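What follows is a set of notes on a single structure, which appears directly below.
The first chain written gets the first letter, and so on, giving A, B, C, D and E; residue counts start at 1 in each chain.
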Amino acid sequence: ETDEILNVSYDPTRELYRDYNELFAQYWEKETGRKVNIRQSHGGSGKQARAVIDGLKADVVTLALAYDIDEISAQSKLIPPNWQQNLPRNSSPYTSTIVFLVRKGNPKGIKDWNDLIKPGVEVITPNPKTSGGARWNYLAAWGYVLNRELGDLKKINNPENAAEVNAAEKKAQEFIAELYKHVPVLDSGARGATTTFAQRGIGDVLLAWENEAFLSINQLGADKFDIVVPPISILAEPPVAVVDKVVDKRGTRKIAEAYLKYLYSPEAQRLAARHFYRPAYPEKADPADIARFAKTKLFTIDEVFGGWRKAQKAHFFDGGIFDRIYQPGYK
Amino acid sequence: MFINILKSTDKRPGLNPPLIVNMAITVIALGFLFLFVIMPLIIVLKEAFSAGLSLWWASISEKDALAALRLTLLVAAIAVPVNLVFGLAASWALAKFRFKGKSLIITLIDLPFAVSPVVSGLIYVLLFGLHGWFGPWLAEHDLQIIFAVPGIVLATVFVTFPFVARELIPLMSEQGTDEEQAALSLGASGWQTFRRVTLPNIKWGLMYGIILCNARAMGEFGAVSVVSGHIRGETNTLPLQVEVLYNEYNFVAAFAVASLLAGLALVTLALKSIVEWKSKHD
Amino acid sequence: MSIILKNISKTFGDFHALKDINIEFQSGELTALLGPSGSGKTTLLRIVAGLEEADRNANADILFDSRTVTSSPVNRRQVGFVFQHYALFRHMTVFENIAFGLRVKPRDERPSKQDIKDKVNELLRLVQMETMAGRYPSQLSGGQRQRIALARALAIEPKVLLLDEPFGALDAQVRAELRRWLRKLHDTLHVTSIFVTHDQEEALEVADRIVVMNCGAIEQIGTPNEVFHRPATEFVMQFLGDVNVFHGRIESDSAIFNEVVPLTKNRENAARLLVRPHDLTIQSTPGDGPALPAKVYRVLTAGPIVKVELIDRHNRLIQVHLSHDGYNQTMVKLHEEVYLVPRESRVYANNDAWTGAYVI
Amino acid sequence: MSIILKNISKTFGDFHALKDINIEFQSGELTALLGPSGSGKTTLLRIVAGLEEADRNANADILFDSRTVTSSPVNRRQVGFVFQHYALFRHMTVFENIAFGLRVKPRDERPSKQDIKDKVNELLRLVQMETMAGRYPSQLSGGQRQRIALARALAIEPKVLLLDEPFGALDAQVRAELRRWLRKLHDTLHVTSIFVTHDQEEALEVADRIVVMNCGAIEQIGTPNEVFHRPATEFVMQFLGDVNVFHGRIESDSAIFNEVVPLTKNRENAARLLVRPHDLTIQSTPGDGPALPAKVYRVLTAGPIVKVELIDRHNRLIQVHLSHDGYNQTMVKLHEEVYLVPRESRVYANNDAWTGAYVI
Amino acid sequence: MSFRFKESSVLPGFGLSLGYTLLYLGLIVLLPLSALVFKSSELGFSGFFKTILDPRVLASFKLTFGASLIAAAVNVVFGTIVAWFLVRIRFPGKRLIDAIVDLPFALPTAVSGITLAMLYSPNGKLGIFLQSIGIKVAFTQLGITIALIFIGLPFVIRTVQPALEEMDRELEEAASSLGASRTQTLTKVILPLLLPPIITGFTLAFARAVGEYGSVIFIAGNMPMKTEITSLLIITKLEQYDYAGATAIAVAMLLVSLAMILLINLFQSWSGKHSGR
C-alpha cells in the first residue's frame, strides 16, 4: 500500500526534489508506516501553472514565482487566494537571489548593476515575457535603481513620497531601457540564456538565479566563470502550495501538507542549501554550505512592487513597461 | 567501381553533363547536406559521447530515460498505425475516384503541417482541458486525456497526420484503377481487391510514409510538450526527456538521449534500405 | 449463355457515348464490335461486364440468358474481361495472376490448393506458356502478356468472355498468330465471346458476327461476308477496307460521274460512287461499258499483291489492287493512260444506297 | 546528305547488339530498317543520331557526306529524330513543341519571333494540323501526336531524318494513311531519311531501299522488289510476309518433301521448302507436275482476298491466298481433298539456298 | 449539364473511405481547430483585429512568412540539386547519404535548435568561419532562415527524387536532337517537368516552416520587432494566460497558410488537368 502524490515543479529543481523526495519518503514511512511515491513534473514555471489550470492533477505545486500560483488560484479556484499565508516565510521554504555570472577574472570589472550599462558591456538575460526567471532579473534591476534614487525602499509605500517615487521610477525605466540595449539576445528561457552565455561565448555577464549560476559553474567549468553578487538584489522566493481541490478529491491532503511542511525541517533546509538555494532558516543548514552565499542586501517583491500581480501588470503585460522599451509609444 | 565515381548513372552520350558539372553538383549537394545534416549529426554524436561511452550508456539506461523510451515507442506504435489506416482510406477515396472538392480536402490534410506545434498542443487543451469544451464532462467522469498518454497520442497523431496520405495520394492516382477493375471482374470482393491488388502495389510508398510518420512521431516535441504534463517517468517522451535534462544543466545526458532518437530514426531507415535491397535482389 | 441488350444509352456529362443500343449476342458465338476510335465500343463492352452503368431508363435492360443482370455488380456477373492494356497484377507472378480469380472465391466454393495448381497449369498449357509460370508481367513480351490476361479471365470459367482490343498493342506478326489462336480457342471452349477491335481485317478473319458501330450507334450487324459484301451504309463500306470514292451528282433519274464536280457545290444532289481497289480492272482501251480514264502514277510490285496507284482526270488518287498474275497480264507501264472498269460498285446519294442508273 | 557507317559494333555489357555493320545510305533516299524485335534497329538508328556511342574501334567511322561525325554530339549533328513514343514535351502546346528547336538555336542563328511563327504555321499546314496549335499533347490522338513529332523534327531543317517505328503504336487505318503521307512528304522534301519498322508491309510500301536486320547483323540490303522477290536468306523470306514451310531432307542430290519428316531427327540433312500463300494454286487433280495433297479446312471470303486454310498429310496448316476471281474459278468446297501446286518456291538446306532438284 | 458530385465508378468503398476520411479529418483536425477559432472569437471582432494588427505581431508575420518563403525557396534550389545528385550521379556510399536526408524529421526540434545554434554561434564551428568573413548568422534573421531550411530540407528532396527517377529520358534526348544545349534542355524541358513535385515540396516545406518553434528559438535571438517569430508571440500570450490572444494569432497565421496552400494545390490540379498529367 503506497500513497501517491504529484509535485508539479519548475525546471532546475529536479535534483533538489529527487533528494528531498527520498528524504521525505523515509520520514513518512517512519511517521506513518506507509510508503509514498512522489511523482515529479518539471517544466517552465508558467507552463506548469497553465497545465495545473487546464487539469494536470497536481497535489502540490512548487513553482518559481508566486504569480504563477496566484494565477492558478484566480483562474481555476483550485487554490484559495490566501494560499501564501498557509506556510511560513511567504510559503517559500528556500530562496535565492539574482547574481551576475561573469567570465573568469571578471575582465570587464562588473561589480554592481550600474556596471551593466557601461559602454561595451553585453548582458545576457532571457525574455521576461516568456521566462519567469527573466522577470526576477528585470525586477532586481528596477529595485536597484529605486533603492539608489530613494536611498530607502520604505519610501515607496509612503504616499507622501509620491513625487519622489515617481521621479525614481522614471529613472528606473530609463535604466531598464538602457540595460536592454545591452542585451544582444533574448532567449526564451533561463537555460537557453545560460547556454548562450556559457557555450556560445556571447556577452560579458549573465543575469541568473544564484542556484543556477552555481549549477552552471559546476557543470561547465569552475575555471571559466566567476559569480559576482551585487550589493543589492532581489529576494527570489519560489513558493510552494497545496492544491486544495485536488488533494480533497484525491484524499491526499494530509500527506501533501506534510510534504510541504517537512521542507522547513532541518534536514530539508540542509538539502536546499546543498543544492545552492538559500534556506529559509540558514541556521539549520550546514555552515559550509551557507558560507558559499555572499552577504548582500535583498529586497522583496512585496516591498518594492506591491506583489507579483501588480508587478506583472505594470511591467510584463502587453503594453507594459517592458513592451514600451522595444516599441516606444506602445499602449 | 571507383572508376565510376561522379559519372552519370546513365551512360548515353549527348545527354550527360561533363564531369566538371557532375563534380560541381556533387560538391554543392554534399556541401549542402554536410552543412545542414551531417554537421548537426556529428555535433549531436560528439556531445553525446563527449564524456565517454560509459556515461552515454548510463544516461540512456537511466530509469527515466528508459521510461521515456517506452512511452515514445508506445506513442509511435499507436499514432503510426492510426494514421496509416487514415492514409489508406484517404488515398483510396481521393486517388481512385473523381469528385468535386478534392483540392480542398487535400489542403485540409496538409493543414496540420502549417499549425505551429505549440498550437497543435493547445487545441487539445482547448478541447479537453479543465476549461475546454469537454473538460468538465471528462472531470466528472474522472477521465484524463491531456496530461496523460491519450493526449500525447492525440497531439502526435495530429502533427504526423499528413505523412502517409500525402505519400500515397500521388502514387495511387498515378497507378489508376485498371488492376482494381480487373480484380473485380475476376470476382474479388472490394476488400479482397484492396488487400491483394492495391496494397501490394503501393507498398514502397506506404513504407516511406510510415518511416517519415514514425520519425516525426518519435521526434515531436512542441505539441507533446503542451499536453504532456511532464510527469517524470510517466508522461515524458524522449524529446521531453531531452529537454528536462538540458534544463537541469545535464548537457551530456541530453545529447545522449538525443543521439538515441537519431539512432532510432536511422534504424528504421536502414531497415527500409535492407528490405528494398533484398526485394531488388530477389 | 446469350446476352441481350435493350435500349441501352450512356451519357458522359452531356456527351452521348451510346445511343439506344439493342443487340442480341447468340450463345457460343464469337462477335466482333468494330468501329472507329471513340465510337463507343469499349463503353458498350464495359456496360455488358458491369464495369460501367448504363443510363437509368425504364426500358433499358441487360439480360444474360433472359435473366436481368442490370443490378448485379461486376464481381457477381461471372464475365471474363480481358483489358486492352492487359491490367495484369504487376506484383504477382504469371501463376499468381491466373490463380487470382480462384483464390478470391468464397471459402466454400474455393478449390483446394492442389486443384488451383492443376487448373492454372492446364490454362498455362492452353495458352502455351507452361515455362513462364514464375515470371512477373514486366518480364513478358506484349503477346505473352496478352495470353496471360486471357488465361486469367478464363480461370473463373466465365459464361461470357469479353475482350477489349485484345491485339491492339501488338506487332502485326504476333497479332496474326494470336488471332488464329483465339479462333481456335473459341472453337474449343464455345463460350459466348465479344471482342472489340478497330481493325476490319481482324474482325473479318476471326468473328462469327460483326457489329459495326459509329458515333455511339450500330450501323450494321451481320456475318463477315454480309458486312463486307453487302454493307448497309456508306460508312460500313468505307470502314471495311480500302475504297476509291468518286464524286458525282444525281440528275433526274441517274447518277452522273463523268464530270468534274466541285465538292462544295450542289450538296443536295451529291452522289458518291464507291469501288474497292480489287474490284477495278485495268484496260488499255475504253471498251464498250463505262470506263474511267486514268494515268499510272506508281506501281508497287513488292508484296503478295500488286498495288497500282493512278491519277484520274480530276487529279485524284485511285488505287487498284491486282494479283501478280493479273498484273502480269495487263502489263501497265508508268505514266501510261489506261481505263478503269469497276466490276462491282456502290452508289450512295445522301447516305442512302442509290439503286438507279449511273453514268461514269 | 549521304550517310556511311563503317565497321560499327555495339556491345551492352557482354551482349552484342550490333556486329560490324557497314552500310551506305544514299542522299535523298528513304530507307527502311526492317527486322524483328531486338535485332538492333533502334540501336543502329541511335548511333547514327549520336544518341548512342558505337564501340570504340580504330576502323569504326560514321561519315555524313564524307565528313566524320563520330565525335560530334547529338545537338550538333542536325538530325531530325522522331521517337517511337513521340517524346513530345507534355508541358508545351503543339506550337511550342514545334518551335522548340528554333527557340534553342544560338542567338545569332535564331529566327525572329515572326519567322518562328510563320515557320511553325507552315509545318502545321504540312502535317495538316493547323487548327491544333494551342493543344497540349495529352489532348491529341496517337496519329496526331505522331505528326507533331514529325513536324517538330522537321522544324530544324535537318539534313537527315531518322524515324524510330513512326507508326508503331497506331491503328491500322491511321497507319496506312500516315504511311502514304510520309512517302509524299519525303518526295516533297527529299531529305535523306531512315525509318525503323518491324512491319514488312510498311517497309515494302514506303521505302526506296530496305535493310533487313537480324540479331545485330544485316541480312540483306535491297529495293523492296529485291528483298521480296529475291530474298538472300531464309530469314528474309520468312520475315517478309506469310510463308508456308514444308519440312523435308536432302538425299544424295535432291531435296525430298514427300515423306513425313520428324522435326527433331536428321537435323544435318534437313531441308525446308518455302512457298508464299499466293504462290500456291489449288487443283482438284494432281496433274503432271509436283503437287501436295491437302484438305480444305476453312475458307474466308470476306475481305479483298480469299483466304483458304488447308490441312496437309502431316496435319499441318497450309494457307493459300486467292483473288476472288481465282477463287470463283477453282470453287473449292470445305473438307474437299485438293492438290496444291507451287508456282514459285524456294528450298533451303542448312540455311543456304538449295539450287538442286527437289521432289514434293 | 446536370450537377454530379462524383463520376460513377465500379470500385467499391467510396462512401466508406471518404466518410472515414472526413470523419477522421473532422475529429482530429477540424474539431480541434474549430475550438481554436471559437476561443479566439472571445475577443470579438475588433479585439481580434486589434490583436493581430499589432505592429509587433505584424512584424512577426512578416518575419515568419518571409523567412519561411526564403527557406522553402532555398530548399527548392538545393533540394533539387541534392535529388539530382542522388538520382543521377554515381557516388560510393550514396545509400547512406540517402538515408541521412531524413534526419531533420527525426531529431526533436529543440535538439535541432540547440545543435544549429552551437554550429552557427560566433564561437561555433561554422560561426567562427562565417564571422571571419563578416557574416553573422546566430541571433539574426539569417539564423532563423537557416533553422527553417534545416527542418524543411527532406520535403523537396523526397518529392523531387522519385519524379526524377521516373522521368522519361527520351524527352531529354528529343530536346538534344533538336539542337538544345544541356543548359537549354535543363531549363526548358527538365525543370518544367519537375515543377509539380517541386511545388509540392515547396508547399510542404513552407507550411512546416511557418509553424516551426522549437528549432528556431535557440538561434533566433528573439528580439522584438526584429527576430521574433509568430510562434514565440503565441507563447508570450500564453505566458500571460491570454488564451484568446494566443489563439487569435494562431488563427490568423493558420488562415494565411491555409489560403496559400489552397492556392498552390488548386494551381497544381489546374495545371495538371491542363497538361494532362
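Heads up, the rule we're going with is that a residue touches a chain if its C-beta (ideal position, glycine included) is under 8 Å from a C-beta of that chain, and two chains touch if they have at least 3 such contacts.
Just so we're clear, the structure is a prediction, and the values are computed from it rather than from any experiment.
Enquirer: Hey, how far apart are chain C and chain E in touch steps, shortest way?
Expert: When the steps are counted carefully, the minimum from chain C to chain E is 1.
Enquirer: Tell me, which chains sit next to both chain A and chain E?
Expert: Neighbours common to chain A and chain E are B.
Enquirer: Give the chain pair, either A-B or B-E, that is connected by more C-beta contacts.
Expert: The comparison resolves to B-E.
Enquirer: Give, as an integer number of Å, the spacing between the C-alpha centres of chain B and chain A.
Expert: From the centre of chain A to the centre of chain B is 38 Å.
Enquirer: In whole angstrom, what separates the CA-based centres of chain D and chain E?
Expert: 54
Enquirer: Quick one: chain A and chain C, Cα centre-to-centre, how many Å?
Expert: 90
Enquirer: Would you mind listing the residues of chain A that make contact with two or more other chains?
Expert: Correct list: 47, 53, 75.
Enquirer: Two-or-more-chain contact residues of chain E, please, as numbers and ranges.
Expert: 10, 12, 114, 118, 173, 176, 235, 238
Enquirer: On chain D, where are the residues touching two or more other chains?
Expert: 50-51, 73-75
Enquirer: Can you tell me which positions in chain B touch chain A when the two form their complex?
Expert: My answer: residues 125, 128-132, 135, 139, 144, 146-147, 225-226, 229-235, 244, 246-251.
Enquirer: Which residues of chain E touch chain D in their complex?
Expert: 168, 170-171, 173-181, 184, 188-189, 192-193, 195, 274-277
Enquirer: Which residues of chain B touch chain C in the complex?
Expert: 178-179, 181-189, 192, 196-197, 200-201, 203
Enquirer: Quick check on the complex: what are the chain C residues that touch chain D?
Expert: 36-37, 141, 169, 171-173, 176, 198-201, 204-205, 223-225, 227-229, 241-242, 276-278, 300-305, 307, 321, 323-326
Enquirer: In their shared complex, at which residues does chain B touch chain E?
Expert: Against chain E, the touching part of chain B is residues 1-2, 4-10, 12, 14-15, 17, 21-22, 25-26, 28-30, 32-33, 35-41, 43-44, 47, 86, 89-90, 92-94, 96-100, 102-120, 122-124, 126-127, 132-133, 154, 157-158, 161, 166, 170, 177, 180-181, 184, 189-190, 193-194, 208, 211-212, 215-216, 218-222, 238-239, 242-243, 246, 254-255, 258, 261-262, 264-266, 269-270, 273.
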